[in-house]
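Reading through the C-alpha cells given below for one structure.
The letters A, B and C name the chains in turn, as written, and every chain counts its residues from 1.
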C-alpha cells in the first residue's frame, strides 16, 4: 500500500465480522516490531480487533500502529486476547514470557519464528515453546510470509500459509483467521513438521545448487582447456606472449562452449526418458532417481545457458571496442598498403561471417523468448500445448541455430591442420558434439513408427509383457 | 513445493474440515497417473480424505502418493467415495469403467479430460461419459489446470476452474470442493459447454495468429522488395554480385521496416476509433467488427514490433563484426593513402550518423519500457492512468523517436536521385510513410476543439441527433 | 477470457448459490457501458442474477450482455434489484437519478466512480451521492478495478477491492458480494475515506516521482559539466569545434556517471541506517523521516540506475558504427603508413581496454539479474534469505564491478595532467568517489566486532542505556 492508503486505516476499530455478522474474537500480538505491525494492520483492515502487548508501550512511536489497535502492556494484551495470541518475538527470549503463564492458559500460541541455522536435528522453536507452555496449544505458522506480503495482502499470489500443530482445534482456529485476512491455509500435519517449516526460509536457492555447480565446472574445464591450447602451449613452444587474451578473448571463447553444452543437457534427459519408455513399453515405471533430478533441474540449466549465451553475445559485440582490434586493423591496413593490394575481398569469408553472425543472433533471439516464457506469470498465461510448443519446439530451434552458428564459424577451417595445434581440437568443436548427438536423436524419434508408439505409451498403453493383469483385461486406462 | 516440503505431507489423514468443523466426505479418484497424484496431494493438504483406485495398486511405487491417501482397487475406491469421483483417465478407456456401474450409481463423476483435436462437432468426452452412465451426474471441470498448478496451489494466480454440468446440485458439490482446495469455480453452464472447455487447452496462441501472419507477410514484402531493388536489379542491369547481402544486410534492412509499419498499426486503430466517435457524436454505437478485432490485437502487434526492433538493433551492432565491414575499412584506408588525403572528416556525415544512432537507441529504450509493462504482473501494479501514460504517451514517444531515426538516416540523401535506382524508393522511405501519417493525425487530435469534444463523448455525452430519448431528457448519464 | 470462452456464458441464468444452496438476491446495475458489462458478466458467471437498467435499452447491441442478464429500463432494474444497486455512471449525471428515488429507497448504492482531478478538498462523489439520496446507504468501492480485471477475474492476483461506507450493514452486504465473485474486500472505514479512494487511481507513479527527479538533476549536472569541460572550454580556449560530440559522445559520458552515483545512493541509506543503529544501540527508535523515505525509494533508484547503465552499454556498443570512429581509423591508418610504423601494439593499452570492457559487461550482467528479481512474481518466488542474497550480495558485487570498470578505464591516465584540462577532473572521477566511499564503509562493517553487534541489535538486543525498564528486566524480547 502507498503512504496515502496507509492514511486510510480506519480509526474506529470495528469488531463486526464483515462476512457473517458475527463479532470476531480479539487477537493478541506479543511484540511490537515490523512483523507485529504488519500483522496488526492486516487484521484491522479485515475487521478483527487487535491488542498488541509491548514491554515498553510508551516507547512506541505514535502513528506507527493503526489507531484501532490497542497498544498496551504484555499482561493486558494477553488478557484482552480471547483465543489466539501471536508470539512475534525472537525465540531466544521466549523465557521472558513465563510471567504471563497465568493469562496464557488455555489459549492458542502462534509461533512465527524462523530457525537461525540449517539444522534439522533437535527440537524446533515451536516445540520448545510447546514444552515451556504445556497448558497452551502451539500452532506453527505465518513464518514464511514477509512483513510486506502480510501488510499488502499478497497481491501477487503468494497467498499460502503453512500451518502445523498437534491440536486440531487450535489449527482450525488459526486457519479461519488466515482465511479471514485473505490467505489460504495449508495443513502440514503435526508439530513435528515445524522443524522443516522453520528451516525452509533459510534455504538459499535449493533448486539451483547443482545447476550452478555444473556450469561452474564446465566453465573451469573450457577455460583451462582454452588456456592450455591457446596461451600456454604457444608460450612454451614458441615464446609468443598471448596472455592479453585472458580477461576477454578467452572468456568469450569459453562462454559459448558452456552455453552449448548446457543447452544440450537441457534436452538430453527428455530423450533418455523417451528411450526408456520405448524400451520398457510402459510409462508407469518410475525413472531412475538421477534422471528424475536431472528432469527437475532442466529449467535452471536452461536459464543459466541463456545467461551464458547472452554474455557471449555482449562480449562479442564488445570486440570492435578493444584496442587489440583497432591495432589489428591499423596493422592490416599498413600491410595491405605495403603489399599494394587494392581489394582484399574474399567472398567465401564474407558469406561465412554473415551466416554465422545471423544464426547466432537468431539463436539468441529464440532463447530470449524461451527465457521470457519461464517467468512465472507469462508461463501461467500459456496452456499446456502452448507451453510445450515454446519450450520444446522453440527450444530445439534454438539448439539448431546454435549448432549452425558454431558449424558456420568453424567452416572448413575446422578440418585443416591449423585448427589442431598440439593435436588439440578447438573448444567449439568439443562443445558442439553433444548438441549434434541430441539433435540427431531427436530426428530419429520423429520417425512415425517410434513417434506413434511413444505417443500411445504416454496415453496409457502398455506392452503386454509389462502387466499380467492388463494382459488379462486389455489396454491400460489410467492417465 | 520443494522436495523438502513434499516430505511434510501429513501421515495421518484428517477428515476434519478446517473451516467449519464438519467432516468432509471422502473423494474418490480413478486412475494413478500424474494428475491423480497431484489432485490427491492437494486434497489431502486441504484436509479432504482421498481414496485412489488403480487397476494395479501394487504396481504403484511406494512413496509416490501421500500416506494419508488410501491406495486400493477401483471397485473399493468407488465404494469408499461418498459423493464425488474424479475420472482421471484417458477417454478412450471410459468403457472399462462399465464394471463399476453399480458402485458409481448416484455419484458425481468429474471428467477432467481434454480433446485430442480441434473439432467442435460431435459429442464431447463429458457428454459421452454422461451417455454411458445415465445414473450418474457428470461435471466437466479441472481440465484446464496443469498437474503442477494443482499440486502447488496456483501460487501465481491461476486460480480459476471452469465447471459445467446439466445437474445444478452436482455442480454445487464440485464448486464447494474447488473452494475447499483454494480454487475459484466459475459456472460455464450446461454440459453442452464441455465441447469448448475440452478444446480450449488445445488452442495454440489463438490471439497471436493474425498478428504473426501479418508480420510474416510484411517481412516477405519488404525482403522481396529489398532483394529486387538491392540485389537482383544491380545483378541484371550491371552484373554486380551483391548476393552476399542476403543473410545479414538485407535482413537488417527488412526488420526495421517491418517494426516501423507494425508499430504504426498499433496506434492507427485508436485514431480511427476516435475519428469514428467524433463523426458519429456518440460512444454507444459499436465499432465495426474488423476495428474491434484490430483493437484486440494491438498488444500482440506491439510486442512483435518490439521483437523486430530489438533484432534490428542487435543485427546493426553486429555490423562491425562482419568481414565485409573489415574489408571495406582496409580498402578505404588503401584508397585514402593512395589519394594522399590526410583527413577525411565530413562534419555533416558525423552529425547525421550520431543523431540517427542516438534516436535509434532512445526509441528502442522507450519500446523496452513499453514491453516490460506488458508483462502481466508489472501491468497489474499500474492503475489506469499510469497504464495509459505508458502505453499511449511513451508509445507515441517511441514512434516519434523511430521516425526521427529513419529521417536522420535518410537525411538529404533520400531526395537525391541515387536513392531511386530503377525508380524504386528505398525500403525505409516506404516504411516511414504510415508512421508519419499516424503522428500527424495524432497531432491534429490534440487541438482543443477536437480533444475536448472527444473527451466529452467518452464521458457519455451524445450529440442530440443521436438519441431522440436523450434529446428529450438531456445529456447521457451512462458510463 | 478469449472470444471462445466469451461464447460460453450461460444462457440460463441460475440464481442458485453454488456455495451454500441459498438463492442470492438480484443485483441491479444502472448504466450500460464497459464497466456495467464487465460487472454483469462477472456476476452472472458467479451465479448472481443481474438486472441492468439503461436509459435506452433498445439501443444496446444484441449479444453485448450475456443472455442471462435482464436488460431493461432504469426504473424496472431498480425495482428488480433486491438490495444492492451499482451506479455505473459518470458522477456529473447523478442528478438524473432523482426520478428513481422511490424505487431506490432503503437500498444500497455502490458508487464506482473516480475523481477527475487530484483534489482532496471538498466532498467526494460518494459523499455527494449520499447527500442526494439520504434514504439510501452509499458504499464506495470497486473503483480501483479495471473493467478487464472485473471480467476475467483478476487471474494475476489483483484481487483486492477497497470498500468504505458509513453503514456497516451495507458494507457487509457488498463485502459478501465481492467474496462471491472472487475478490477480497478490505474495509477502509467510513465514507470520508472515499476522497482518497477516488483520487488514488489518478496518481501517476507516486513512488517514482522523487527518484526520476533526482536522476534528471544528476543527468543535467553531469551533462553540463561534461559540456563545459569537453566542448565549451576547448572551443573558447583553442577554437576547436567539438560540438559533434553533443548527441552521442557526451550522452555516453553522462549516463555512466549518473548510473554510478545512483547505484551508490541505493546502498548508502542502508549503511547510514546501520551506523545509526550501532551508535544508538537499539533498533526500536525510528529513523529520521528523510532516511525512511530514502529507504523506500531504493528500488526505484536501483531500477533507474540499471536503465542508465544499460543505455550506456548500448551507446558504447554503437561507437564503432559512428562515422567519426571510421574517420578516426582511416586517418590513423594514413598516419601510420606515413610514419612507416609496422606494428602499433601497446600491451598495456590492450590489457587496460580488455579489463575495463570485461568488468563493464560483468557489472551490467549482475545488474540485470538484480533487475529481473525486482519483477513482482520473480521476487515472490524468493524467500527472505534469497532476496537479501540477491539484492544485497549481488548488489554490492555489481557496485564493485562498476567501480573496477571505471578505475580500469581511468588507469594511470587519471593521474596525469592531461586529465585535468582547465583544472577540471573528468566526469568519471567525480562519479566514482561516492561508490568508493560506500564500498569502503561496507567493508568496515564486515569487521566481526561491528557485524556481531549489529546482528544482535537487529535481533532485538538493546544497550542498557537505552531503556530503563529493560535495564531492570534483561534483554529485549521483541521482533
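Operating definition for what follows: contacts are C-beta pairs under 8 Å (C-beta built on N, C-alpha and C of every residue); 3 or more make two chains touch, one makes a residue touch a chain.
Predicted model only: the values in this text are computed from it and were never measured.
J.: Quick check on subunit A against subunit C: do more than half of the interface residue numbers occur in both copies, making it same, or fewer, making it different?
T.: Under half of the interface numbering overlaps between copies: different.
J.: Fitting on CA atoms only, what is the rotation between the copies subunit B and subunit C? Please report it in degrees, nearest 5.
T.: The best-fit rotation has an angle of 120 degrees.
J.: How many angstrom lie between the CA centroids of subunit A and subunit C, rounded to a whole number?
T.: From the centre of subunit A to the centre of subunit C is 23 Å.
J.: Give me the residue numbers in subunit A that touch at least two other chains, ranges are fine.
T.: As it turns out, subunit A has residues touching two or more other chains at 155-158, 200, 203, 317, 320, 329, 333, 337, 375-377, 380.
J.: Okay, in this complex, where on subunit A does subunit C touch?
T.: Going by the criterion above, the answer is residues 2-5, 7-12, 14, 16-19, 21, 31-36, 45-47, 54-56, 59, 61, 64, 88-90, 92-94, 96-97, 113, 144, 146, 149, 153-158, 182, 200-205, 241, 244, 247-249, 251, 307, 310-311, 314-315, 317-318, 320-324, 326-327, 329-331, 333-335, 337-338, 375-377, 380.
J.: Where on subunit A is subunit B touching in the complex?
T.: Subunit A reaches subunit B through residues 155-160, 162, 164, 168, 171-172, 175-176, 179, 184-190, 193, 196-197, 199-200, 203, 206-207, 284, 286, 313, 316-317, 319-320, 329, 332-333, 336-337, 341-347, 349-355, 357-358, 361, 364-365, 375-378, 380-381, 383-386, 389, 459-460, 467, 469-470, 473-479.
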